[in-house]
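Listed below are the structures to be examined.
Same chain, two partners: chain A is paired with chain B first, then with chain C.
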Partner chain A sequence: MTDTAETLPETMADASDGANQLRQIPAGVWCAAPIGLLLLAGFLAPLIMVVLFSFMPRGTFSPFGVPTLENYVDIFTQKFYISFGWSLFLALISTAILMVVSYPLAVAIRRAAPRRALVLTILIVAPLFVAENIRLQGWVLFLDKAGVLDGSVKALTGFEIGSLVTNVPAIVFGIVYVYLPFMLFPMIMGLANVPPDVKEAASDLGASRWQMFRDIELPLAAPGLLIGGLLCFVISLGAFSEAKFLGKGVVVTIAQDIESAFTFGQNWPRGSALSALVIILAGAAVYLAMRRLDLEKMLGRAS
Partner chain B sequence: MTSDRTLLGDRLLRSYVIFVIIVFYVPMLAVALASISRSRFFVFPIRRTSWKWYNDTFASLQIKEAALTSITIAFFVAILSVALALAGALAYARYDWKGKRVYQQLLLVPIFFPQSVLGLALQIWFSSIGVQMTWTATVFAHLVWIAPIVTLIIAIQAFGYDASIEEAAMDLGASRWQVFRDITLPLLGPGIFSGFLFAVLLSWGNFPLSYFTSGASVTIPEWLYGKMIGGYTPMVPAVGFLSVIAGAIVLIVGLTINNRLQRR
Partner chain C sequence: MKRSKFNGYAMNRRSVLQGLGAGFTAALASGSLKTAHAATGGSYAIDLWEKTKAELSGGSFRMDLNLHSWEGYTEEPVLAPFQADTGATVNPQMLISDPAAVNNLRSGGTATWDVINLNNAWQRKLLYPEGLILPLDTAKFQPLYDMNVAGFEFPYNWAMDESGEKILGMIQRYGPSGMAVNTDAMSAETLTKGGYMEMIEGAAGEYAILDYENWVIMHACMAAGFSPFRPHTDDEMAKYEEVIFKIFNNAKKVSDDQASLARDMITGEVMGTFPGSVYSVSAPRFEGETQIACVVPEEGIEETKTADNPMGQSGIIWIEVTSLVANPDPTPLAEAFLVYCHTPEASYRVAARAPGTLNPVVQMGDPGILEKFGSDELEAMQWDELDTLVGRCIDFDINPDYDAMHDLYTEAKRSRG
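For the complex of A and B:
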């Protein structure tokens, strides 16, 4: 966003200097401008508005009152930090599991012949196009008491599993299921940075599989792992439907608290203060990711 | 011995991939099963099957309207995001300019953001500046998330092509517009098409952004959410499965066309 802020005044200044100067604006700036404006009006401005609201007195609907810190104090005195803690915990544990679950998949897709890799990729991407709540409802129908799993086991063995939902592991499972592609694809891009001949050389020199993994594959693939991990961490901080459907209310996540503050509570400043916490955390994670990343190299290689 | 171990490793890896893919489609199967069960509450094994819930679905005006809203939103999101992303991708991959690196990174930020929180922020923003929240607000909300994704998809294609062809055409006296129409556009064609396909499907399946910004308009995922919260009816899996089928058809037709484009 700072970028558009940087280039926009330039654009305006140039425009006032006449058409001749206009032509000197690099084509890249012209091309970046429309989407830059969209993100300015649809991403930066709303987030600034939320931060402004978070400093307003309780229950007000205007962002231009006398600033106060009471909403942030409320987060701690009224135990909203519990839902924040749950979201943090769910996001961290899901991200850790996602890394372990996705790694072998990424290796397999990387090794597969191009045609097969494409088929696998499509099979994994396709569920993303089905609304999250349909897929989660599907899991409830599968895992709940008298659902597909319980019903089949009972019909076959007479043994009852009962309900496997309404608990924290079910929520973690839901998050891992929904966000797997977001971990997988950065990982595949990361693995693209591991040249096969380096591994071959190491193998010829007598490195074990584990040594090759630890000393060669992992460090070279690290940027991809990092970006996938941070991406999953950040988006699963907003987990909402997973807790609602698979958890059926055993835990309340921060996104649910934010929603109820804005809707039932009609307390925009409180919802905004809670959102601001998420924004800060997401911002920190993204900053970390961006510092370590050469996008040009990653995307250029993926093509 | 090493080759034996490698073989075993490969087999394990292959079984693991197959297992994950199957798990990926389990919920769709469960939804399909629940949609043809006659009883009001889903019990497996199914005692009596029936098409009743599908008949109810097709008879429902509410669902018809929700489907129309979803399709309209997806259409506009796809057109607009491709237009924005085409320019955005050229700035991303094709041209060199000051601030490009920062632009490349900032474009990722909306993708790297919890959608539920973005949806709520947009809701507050729209109400504060007095924008009426209907499906047009949802188109805007979807664009904030989808246009950057489409930009990346087209940018990957743009990284892959040889810019010297454009320069050669310029040297031979082609105008900027001619170069764009006759060289850039056809070369980026497959990327543009994939981007369009992604945009349609991501918009069709989106829930959090629609939920917070659509006001009185209801999309299919929102309709489903309302029913899931308000009390289960077997129309939920019926509508859910139809939505899956619709997405699958678009994807398959799209991939077939894409395949032809790539081959050309």
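For the complex of A and C:
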């Protein structure tokens, strides 16, 4: 047998080596390459740009200037903590309400006959096909002074409700309304991890409904609850339209501050610094939650 | 004729329109009204557009036109006829704010856009000096200025470069800005005589902020008693801080949705908005809600008071300038679009067919264009009193202390929560 490298010209031998090296790359890497490249270009690159910009001086429109900490200093001296505080509060309270509201609905959908469950799912998903801003504007027209609700009540009873928007509860309502599906579907997935025979066994052994909920259903469904809660918390943290349309300036969220910095403020570095802080906040929440989750178990691959 | 920064406009426009008075519409109907250059300008625009179309039909060039503009030019009623006549595909993108558009061009947007439409001042002070827009062919475009209402004739200051020799763009939509009010809740006269503080302090908790951020800042300066368009002393900055916090603390609500605020004024939810302009009230007025009106205070800031105009000026007038972007891959469609916008029908559509707002255009100085407007449209634009309102305004310009003022603005806004 003759060694190929001895008989082939040098360039062809190099090519052969290269092809061999490519063949040694596992198939999984090839399969993951498209999504890897997409994430690199669509997720990591913008993130790096945001971080770079956050260290640029005001009035800079390139991320490669002399770095400075002035944006972060400004954020701490110009009372941006108010916006962060409101965003955190709105995200926490909305997530808590979403959990309470979604749980019974998730249980009902799990227990419903397949056809009825499908109808319920379609009814919940359908609003997602309409743009968020349009749905929120619809609520404004419904809840505002002389709106559908106020007008109808006045016509029927002569009593004026007045405007039900321009307040914090209206903002929370908007967030809960918009993000309900994001809590509900992970919750349904979590409840799928609760085998009916386990609950039957507990019932046969004399467990009360509360004990079954607390000791069996909740721990087994916890991964779904946590994922739903995490998802809702993170996207509520960046909520913008709800405060804008339903709040009408009663509070300013951090997302509104970021938008203002990038548009009318034309202060890209400050907008980037605020964005970086929100990303850190959301990242910390994800990190803490993921420490409590066993994804393998959730996906049913635990040994 | 050259306009002085603060009071040139008032005298010119007022002197022309005062003579027209209540018989204006009747004169129009009888066809007896003529202005010195109007017929020339209007006819010239039509001839030029026909010639331009003929030139385009024989050429080979990029057929897409990328337009970055305020809403007057981005909608189907304006764009469809142009596309039909030229075969072009127009890609419009509406502006978010003037500074955002300027920085878009600065950060490489010249490779994207062919035409840019912004409020005045940016063109001669930033865009042209930085090579981001191109001057127009004076011989071709100067005669189009003959259509304009008095005060906007060639050479119009904000459409020219600093030397006054090159045309940097074409002017069209304009309007005065002060406050908006439901005159059933507070009379226009009360607000006109009382000034900004009549709303900020006198109607605390009853007004809304129309949150176009730079306009809130500019009007806060006017309410504080000085022009926003020059460097400010420490005392003036302190006064601005006091006023901007007061404006936000006393407001009932804050929104950048002028339609929603117009509804709030109609329902009595708020009595008015700060700021407010013909731009923001014309749509409800067109719907018959003529109790909603733009008001510009009678007495202006001290620095605008002169012997000729002892009351000074308190409002701000904006005028949009449409320019050719210095695109490295230019298309003649860009220049053609500017010509097209001056035809009578296009001028009318730019003024009256934008979504959610009607605004006067300077080409309404041409009787052929003015007669296209119905009385309800003129009423919506407060045409009868426009001269008075505009006369109480200083020209929109660049605020050299905008960054510091914007910081205080955002802080005041956050302080509401």
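One rule holds in what follows: the second predicted complex is superposed on the first by the 270 of 303 C-alpha atoms of A that agree within 3 Å, B and C clash if a C-alpha of one lies under 4 Å from a C-alpha of the other, contacts with A are read in each partner's own complex, and residues count from 1 in each chain.
Please note the rule applied: a contact is a pair of C-beta atoms (placed from the backbone, for glycine too) under 8 Å apart; a residue touches a chain by one contact, two chains touch by 3 or more.
Since this is a predicted model, take the numbers as computed values, not measurements.
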Of chain B and chain C, which one touches more of chain A's residues?
B
State whether A:78 touches chain B only (first), chain C only (second), both chains, or neither.
second
Determine, under the contact definition given at the top, whether A:146 touches first (chain B), second (chain C), both, or neither.
both
Between chain B (first) and chain C (second), which does A:249 come into contact with in this model arrangement: first, second, both, or neither?
second
With both complexes superposed on chain A, which partner does A:122 reach: first (chain B), second (chain C), both or neither?
first
In the overlaid three-chain picture, which partner chain does A:231 touch, first (chain B) or second (chain C), both, or neither?
first
On chain A, the footprints of chain B and chain C overlap at residues 146, 244-245, 262
For the complex, which residues does chain A have touching chain B?
1-4, 6-7, 26-36, 38-39, 42-43, 45-47, 49-50, 53, 63, 101, 104-105, 107-109, 120, 122-124, 126-139, 141-142, 146-148, 150-152, 155, 177, 180, 209, 230-231, 234-241, 244-245, 255, 258-259, 262, 268, 271-272, 275, 278-279, 282, 285-286, 289-290, 293, 295-296, 299-300, 302-303
Chain A-facing residues of chain B, complex
9, 13-14, 16-17, 20-21, 23-31, 33-34, 42-45, 83-85, 87-88, 90-100, 102-118, 120-125, 128, 140-141, 143-144, 147-148, 151-152, 155-157, 159-160, 201-202, 204-208, 220-221, 224-225, 228-229, 236-237, 240, 243-244, 247-248, 251, 255
Could you please specify the touching residues of chain C with respect to chain A in the complex?
96-97, 99-100, 103, 106-107, 208-209, 211-214, 251-257, 260, 263-264, 267-269, 403, 406-407, 410-411, 413-417
Mind pulling up the chain A residues that touch chain C in the complex?
58-59, 61-62, 74, 78-80, 82-83, 86, 140, 144-146, 163, 166, 244-245, 248-252, 257, 260-267
